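Alright, structures below, take your time with them.
Two complexes, one shared chain (chain A), two partners (chain B, chain C).
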Partner chain A sequence: MKRGGLFLALVAVTALGLAVVPSLIINAPTEPTMGFIQRIFYYHVATAWLTFLSAFVCAGASIGYLANVGSKSAQRWDGLAMAAAELTVVFGTCMLVTGPLWGRKAWGVWWVWKDVRLMTALLLWFIFVAYLLVRRFGGPGSARLGAGLGIFAAADVPLIYTSVFFWRTQHPKATVVTSLDPGILLPFLLALATFTVLYVVLLWLRMGLETARIRLEDLQLAAEDAGLLDEMR
Partner chain B sequence: MTMKRLARLVLLLGWLVPAVALAQGTEGKKDGEWENVPAGAMMKPPGESIPASTLVGIAYGFIWLMVAGFVVSVWRRQQRLEQEIDELRRRLPPDAGSGVRG
Partner chain C sequence: MLGPETARDRSQGGPREGSFVKTALAVAHKDLLVELRAKEILLAMAFFAAVVVLLFAFAFTHEGRANTDATAGILWIAVALAGTLGLSRAFEREREGDTLRALLLAPAPRSAIYVGKLAGIVLLMLVTEACTVPLVSLLFDAPLLAAERLPHLWLLLVLGTVGYAAVGSLFGALLARTRGRDILLGILLYPIIVPVLIAGARGTEALLARPLDRATAWFWTELLLVFDTVFITVALWVYEPLMASE
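Here is the complex of A and B:
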């Protein structure tokens, strides 16, 4: 299957998932302890999962970049790291907004400043915002600095995940998933799968931007070789 | 700071952080529990008047707004880059940049 065909197939799977999952969520049994507000769970966990996945993709691509600095493939690795960092901020924002909306009803507060799970998640978001700022305004050398930051940020993900086991937090443990009612579990897993495919589609789209950027840089080099760049300025 | 001292420091921190965390304990919460707060307190938090359906609606709407915003932002940046590429291609002689990828 050609790349364009695969992309369209992924878009179709995402569209199908987005059409089916909401109706499954609406018809899912209401969780007896929390009531209707528990329905935020389906999207909140999915966006949290994508935040962590994206942070790991960024770290992996950053390692790939650092290992290939100076070669042609370095630009591609750097582009992937940049794309993943942007998506980490996008889904991280979703996670940090949907969580308090749930918490307000379930815990009676928007945010608990002493909660390690919440604070380490916020820290991850801040690091990735810093990553994007470094890449935007860092000038020459910002790719290497960003790569270091991307790897460092990913180290926060295991801390976020395990924080509920080590510290007393308001946040439920991930093990809650294993005890879910099958009527809740199916829409949850489908939402998770749909969001994961959506992530691949968005990453693909964003990588298209990087491909165009690389093409532009190559053309600028060619223009410089031809002595056209000064003329154009 | 030498590498040896740095490695010692990292090892010490690696041991101290879980030790402090374990010392704090995880009492009050078992596997599979949603949270520490008693069930009654969770249903009607003091002063909470926003209906659950509104909060769920805001949460879902916000996610799709973010995703749509991201797609529009990528599309606009792509358009700008394509314009610059076209502009450069027009100005470059046909043989220049023949090795350009993409």
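Here is the complex of A and C:
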């Protein structure tokens, strides 16, 4: 029951964070140059960080899957890769919605082509939507295909980044964090932490679901082999 | 069904270790021979690329003149679209005869089979490009055929095609075993090969600039080389375990 206890603790931390952090964000000082719109930053940075983290979790799980193909643990790796891919799309969507909302106010446009961070994020999102489509419609054999795609997605991120880098960027740099007002920094870090714990909780739940699904399939096959399902019909 | 041990045993030792190049050449030779007799993929790809270029010409025509700003992009998009057609047909052919399984059962390193398939597809795409480049040059009044630009353009095209086909032959082979392969190839392939498309189109744009921007063109050529290296390395690395067993 140790794992169950850890999971409950994570859920409790998430709930606490979700209850406390919004009020901290509301009470944080308003950033003088950008004004109110800067507050979207608490969500945008956290979701963007998790999008990329999740993509690399998926790639790592895909490598784990390939290293264990054929053995029992392969299914668990595959479940983890699947869960991470879905969460990449979920958090990626949040990132791609909050980013343009901010951009419209700060830059005057919803979207900027030729911006390295925007393009990398968008293409990563596209690759993972493709991943989900493959897993949904690929049928048998799609687990392997997904593993290949997960690895290629992670390898592709630096390539996309490089190819667009030589256009130019106007996205704020990550180093902006070190120069933040302490009143902004604390809620920012707490928002980041809360979202990250939320991510772990979601990943955990989704993996459990996937394991249960695979187990159900195995049981169904076993029942069919034993002729139990025919009797029910 | 092969267990992981059996799969690993098959890839190690044995008399086939030294025959990597020979196997790759044999696979490429087989693919080209089949294609030379059928001519199906080549004709379809070349004609499809021409149709795409024509569509762009119609869509971008202003006052009787084609818009010339987008020439580089049009060339690369036509190549990318035609490439998907060739890839899916090439693997469909293998699937129909169940010959991909036979190839994988052959006592040869699987990475050599991958390299052979890659070489075959690259050659088919290069022939298609040889037909597409003059057409683009003609319709968009672009100096693609000028003596000082043409060799460099081909260098870009060869590197770009290798990068494209490196990803394409991996996913084409994987998709050959799944449902819904016809709709999935483009969805998978295009987002991944965007870096290749960007580098190819930027490089070509620099070649088309008047005066010719040689330095920029070389920069993108080198970047394409890096992308090819990464794609081929990753593909070679994952091909063996991905194709290991049914």
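Quick note on the criterion: the second predicted complex is superposed on the first by the 214 of 233 C-alpha atoms of A that agree within 3 Å, B and C clash if a C-alpha of one lies under 4 Å from a C-alpha of the other, contacts with A are read in each partner's own complex, and residues count from 1 in each chain.
Simple rule for what comes next: a contact is a pair of C-beta atoms (placed from the backbone, for glycine too) under 8 Å apart; a residue touches a chain by one contact, two chains touch by 3 or more.
A quick note: this is a predicted structure, and the numbers were derived from the prediction, not measured.
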{"item": "Touching partner for A:G108 - first (chain B), second (chain C), both, neither", "value": "first"}
{"item": "Contact breadth on chain A, by residue count: chain C or chain B", "value": "B"}
{"item": "Touched partner set for A:P182, first chain B, second chain C, both or neither", "value": "neither"}
{"item": "Touched partner set for A:L209, first chain B, second chain C, both or neither", "value": "first"}
{"item": "Partner chain(s) touched by A:G5 [first = chain B, second = chain C, both, neither]", "value": "neither"}
{"item": "Overlapping contact positions on chain A, where the chain C interface meets the chain B interface", "value": "164, 166"}
{"item": "Interfacial residue positions of chain C with respect to chain A in the complex", "value": "2-4, 7, 167, 170-171, 174-175, 177-180, 183-184, 187-188, 191-192, 194-195, 198-199, 202, 219, 223, 226-227, 230-231, 234, 238, 241-242, 244-245"}
{"item": "Chain B-touching residues of chain A, taken from the complex the two chains share", "value": "33-37, 39-40, 43-44, 47, 86-87, 90-91, 93-94, 97-98, 101-102, 104-109, 164-173, 175-176, 178-179, 198, 202, 205-206, 208-209, 211-216, 218-223, 225-226, 228, 232"}
{"item": "Interface residues, chain A side, partner chain C - complex", "value": "66-71, 123, 126-127, 130, 133-134, 137-142, 144-145, 147-149, 151-153, 155-156, 159-160, 162-164, 166"}
{"item": "Contact footprint of chain A on chain B as seen in their complex", "value": "18, 21-22, 24-29, 31-37, 39, 41-43, 45-48, 50, 52-53, 55-56, 58-60, 62-63, 66-67, 70-71, 74, 77-78, 81-82, 84-85, 88-89, 91-93, 96-97, 99-102"}
